[in-house]
Amino acid sequence: MGSKYPPSMRGCLPLWTLLLVVAFIVIFFFFTSYDTSSQDPKELTDTYRVLQDVTIMMALGFGFINSSLRRYGWSSMAFNLFLLALTVQWAVLLNGFLEQLSPQKVVIKLSSIKLATMSAMSVLISAGAVLGKANLVQLVLMALVEVTAFGVMRMIQAKYFVKDDHVNMMHIHVFAAYFGLMVAWSFRRPLHGRMMEKYQTEKRSSLFGMLGTLFLWIFWPSFNSALLPNERKNAMFNTYYALAVSTVTAISVSSLAHPQGKINMHHIHNAVLAGGVAVGTSCYLIRSPWLAMVLGLVAGLISTGGALSLTMRFNNMLDLHDTSGVYYTFGLPGLLGEIAHIVLITLQDDWTKSTRVEYQLLLDIGALSLALAMGLIIGLLTGLVLNLKIWKGPHMSNYFDDQLYWKFPHLAVGF
Amino acid sequence: MGSKYPPSMRGCLPLWTLLLVVAFIVIFFFFTSYDTSSQDPKELTDTYRVLQDVTIMMALGFGFINSSLRRYGWSSMAFNLFLLALTVQWAVLLNGFLEQLSPQKVVIKLSSIKLATMSAMSVLISAGAVLGKANLVQLVLMALVEVTAFGVMRMIQAKYFVKDDHVNMMHIHVFAAYFGLMVAWSFRRPLHGRMMEKYQTEKRSSLFGMLGTLFLWIFWPSFNSALLPNERKNAMFNTYYALAVSTVTAISVSSLAHPQGKINMHHIHNAVLAGGVAVGTSCYLIRSPWLAMVLGLVAGLISTGGALSLTMRFNNMLDLHDTSGVYYTFGLPGLLGEIAHIVLITLQDDWTKSTRVEYQLLLDIGALSLALAMGLIIGLLTGLVLNLKIWKGPHMSNYFDDQLYWKFPHLAVGF
Amino acid sequence: MGSKYPPSMRGCLPLWTLLLVVAFIVIFFFFTSYDTSSQDPKELTDTYRVLQDVTIMMALGFGFINSSLRRYGWSSMAFNLFLLALTVQWAVLLNGFLEQLSPQKVVIKLSSIKLATMSAMSVLISAGAVLGKANLVQLVLMALVEVTAFGVMRMIQAKYFVKDDHVNMMHIHVFAAYFGLMVAWSFRRPLHGRMMEKYQTEKRSSLFGMLGTLFLWIFWPSFNSALLPNERKNAMFNTYYALAVSTVTAISVSSLAHPQGKINMHHIHNAVLAGGVAVGTSCYLIRSPWLAMVLGLVAGLISTGGALSLTMRFNNMLDLHDTSGVYYTFGLPGLLGEIAHIVLITLQDDWTKSTRVEYQLLLDIGALSLALAMGLIIGLLTGLVLNLKIWKGPHMSNYFDDQLYWKFPHLAVGF
């Protein structure tokens, strides 16, 4: 068994990341300063609370949602935290530079960290698709590329397409899902036998997965309303309703699809959140609950439907293996949400100034296409680079196995 | 083993629930609108935070507190989430209709969702008593009946007995405990042998149960003060003290009762919360910490005492099996709280206007009797209906067993 | 096996603690009253939120961080909650008496409970060092002594050294770590063989440990800024950055230290938090992110370094066994933070009034020395007292074993 182990990560990971940390410190030293303007303390508290909610989603939610793989629980949790801590640092810098596009000092506000944490979600989503197949060095590289691409995409959109911060941010689901899928695609290899066994969910740890799902479920209204200071109420309302309906739908459809009416835990972990994803972009626009509920219903249907029909097809036809079902958790409901947003914008504008409709429609479609295209292309390129041998990626026999990365207690006799 | 399986849930559950979802959407379409009045953003944030705390209690707290059954962890978690998502939708509508009693549109505010989530707690409490013995269809039916009965009870109380929203809401513990017990009673069957084995708590998953308990413990002050905008400070104070004392008491008494001084995890899961329940109704009235502490002490005593003496008696004499100890977690401390409230109100009024005392006393006793009576009667009726064969309830040999409802990974070879 | 069991805890624990509860109630009855002054509701809400965050850290964070011992999960969780509930009651009283130093009634505010909960952290830290080796009676005694010593230390500091509440509170890490180490030292006994096996972390439950770590990680900015109403923004900023860098550093160094680059879960559980500890005292002083990041980097290095090199040395040379690594989680990073604070204060004052520098320097060093000395001396004395036979401490063969304290389900046939 030992012979299958790849050359040690030792020479690679710590060197890289410690260098990175030092580099960040140097950049922060020369190019940043804290926001020293006095701020309304109530507003500060409010921003802090939203930041806290978002951090809970990223660290606890995404940390636990993928922890139910039979032998990959430690890595899912810890790599997630590592990527989060690293990405936020880089995203704060990057967003600052992109915003001003000049070499003067970046002023860091509490809302910059909020934005950076939200951007880091793109990395955590994509990482789900290659979970268990890439080592930490590969994931770090992917994280840096992805969050940079996402930042650039948002800047382009803000300049040429849609000014609104919220709408730009909500492209994250589609962008990250396709990015992750392309990376996973370049890792395509036939999976069978013993590997599938490791890939099984364990009954016990599924409760940990559920814990992650519930944290995401509970704090999703905070995420959807985080960049909407004025339309916050509607955003919260609609997210609540969409989530409630997609939960009921997902469980019902999962039961409907099984010959004996049994429910599949995988569907719950994922499809329960589909409503929140689908309602994300347009949550500030929707003016009555039924519309949010319809979106939740459709999102629950396509998400569970996707899990039922696409998993096998991806595996067999494309050799594409999407570890944690990123495509039907975020990709499909995200697409639904984008389309719903375009339709709603069009309908709404229709009633006011008819001249602007077509132009606005074009802009929105353009922004969505940009997100899709950048996700697909940069994801593909990143995947190709990550497949180079220099990263010493794990051998297939070590996929989904903690043993490669962790010093286990029973070996640590002296400890 | 297969032959003991009941006819598939497939024909029943998804049909029912999807129909229900569509029906809700139609009702929301015709009869509701969002609150469009402009609101102080700080107040909105505050309501949202309280709503979030309550949702954490319902989804994480109640989700995990019952997850420690050896083979029923998945179902406890997922059914809890399902019931929550479904009940909140119905409770928002119901409370709206009951409040105005006219066919005009219901205006949904963020506080309506808060109230609906709190009402949903009645369902989650009662579900604990029949956990593992009723299938999801039966639970959905129970949820709809119970939350309707609870809403009607609150409306009657508000009209004829006590106007105060908080006091009405706090009848939830007594109402839900007796409702659940009556439903459990109509499911009475002798439990022995293999079934008791499944009913055992598993050592490992007890930490999940503890997680649920802690979430409830931490956020209970939010729950008790949620409907008290003006007396919030006292409500928080008293709940903190009562919880602290009942925790210490419960653990001590549990150790005292065992011949070797060993502690019983069951008692901790339940009795630790007794202080919060007992202080619920009167938390706004109590003006010094010692009184809250005494209530916490007594609540801890009767809750652990109940767990020690009543469990066997219920089982043997009444054939009543209260899966998660609803009676001594919520029922007994709830009763204590109600009585304490009546005594405190009487004492307080005594000093001011002596003429009103007796009348007020009558009203309070009336309100409590109504809660008890409605819980018992409607619970009994619901239990009788749920025992009809058309619901295809699980056979006794499948009690406390996830296998009936879940597609397990090791069967899912193709996945 | 049964013969090794110590005499029953029964005669001891419940008697003690129930007496204690009653005594507290009597003291509260005679000597306390709630704060009845009207308060800005927004401010109240804000204090409540901070209190809630701190409670989450204490109950969930410290509860779960030590739950990964193979056979000691129940006790770690439940004893932690018990100690928290008991200590908070005593700390509120104590802080009140120490503050006024007169026999008049103590007025309890919501911020008193916040302060008491923060002080209770000293007990939870120290308890980590003797976890699995002391029974609950010993822990209760330790808790009462420690929180009293900590309160007295803070009062002396406030009177003679540094007035600032925040700086005084932040001595908690150093104080509690040395206190715990001294108690652990007086419990020193050679540990080997079967005991070490029980001491192993279990793979599965490590996810619970991670849960605790994450709760601490997420809410640490709240803890560090809890007593800083005016410099809150900087405190949050700096804590975020220090935590992010120490996380990346800890994981990298842990991998660097292993011949095959494997990561050690123990290091993550502990060293990830080192940044938050190290930046604690000076978080209000630091005016740019790079400095916080450097502190995080150094803290991550010494914390992981300590875990790597000191664990064995402590065990072999001093026979000192620090169960949950209190020394390198809180002790070393705490010392680093204190030194950094003194340096920063000196540098800052240097630029303003040069006469005050030396005096201030002396005061700061004095305060730190006091914390160290009191931690060491009172910890040692407490340890000696706890080693008396009257406490019926567990026999070594029962170290790290839940079985001594818990009634297990498989024994509870009748239940």
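Which chain is which? They are A, B and C, in the order written, and residues in each are numbered from 1.
Methods note: a contact is a pair of C-beta atoms (placed from the backbone, for glycine too) under 8 Å apart; a residue touches a chain by one contact, two chains touch by 3 or more.
Computed from a predicted structure; not experimentally measured.
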| item | value |
| --- | --- |
| For chain A placed onto chain B, the superposition rotation in degrees, Cα atoms, nearest 5 | 120 |
| Copies chain C and chain B - interface residue numbers shared by over half, same or different | different |
| Mean-CA-position distance for chain C and chain B (Å) | 34 |
| Numbers and ranges of chain C residues touching at least 2 other chains | 42, 49, 204, 211 |
| Chain A residues touching chain B - in the complex, by the definition given at the top | 42, 46, 49, 53, 196, 200-204, 206-207, 210-211, 214-215, 217-219, 221-222, 229, 232-234, 236-237, 240-241, 243-245, 247-249, 251-253, 255-256, 258-266, 268, 272, 287-290, 293-294, 297, 311-312 |
| Of chain C, residues touching chain B in the complex | 5, 8-15, 17-18, 20-22, 24-26, 28-29, 32-36, 39, 41-42, 44-45, 48-49, 52, 55-56, 59-60, 63-64, 67, 73-74, 77-78, 81-82, 85-86, 88-89, 108, 110, 113, 204-205, 208, 211, 402, 404-410, 412-415 |
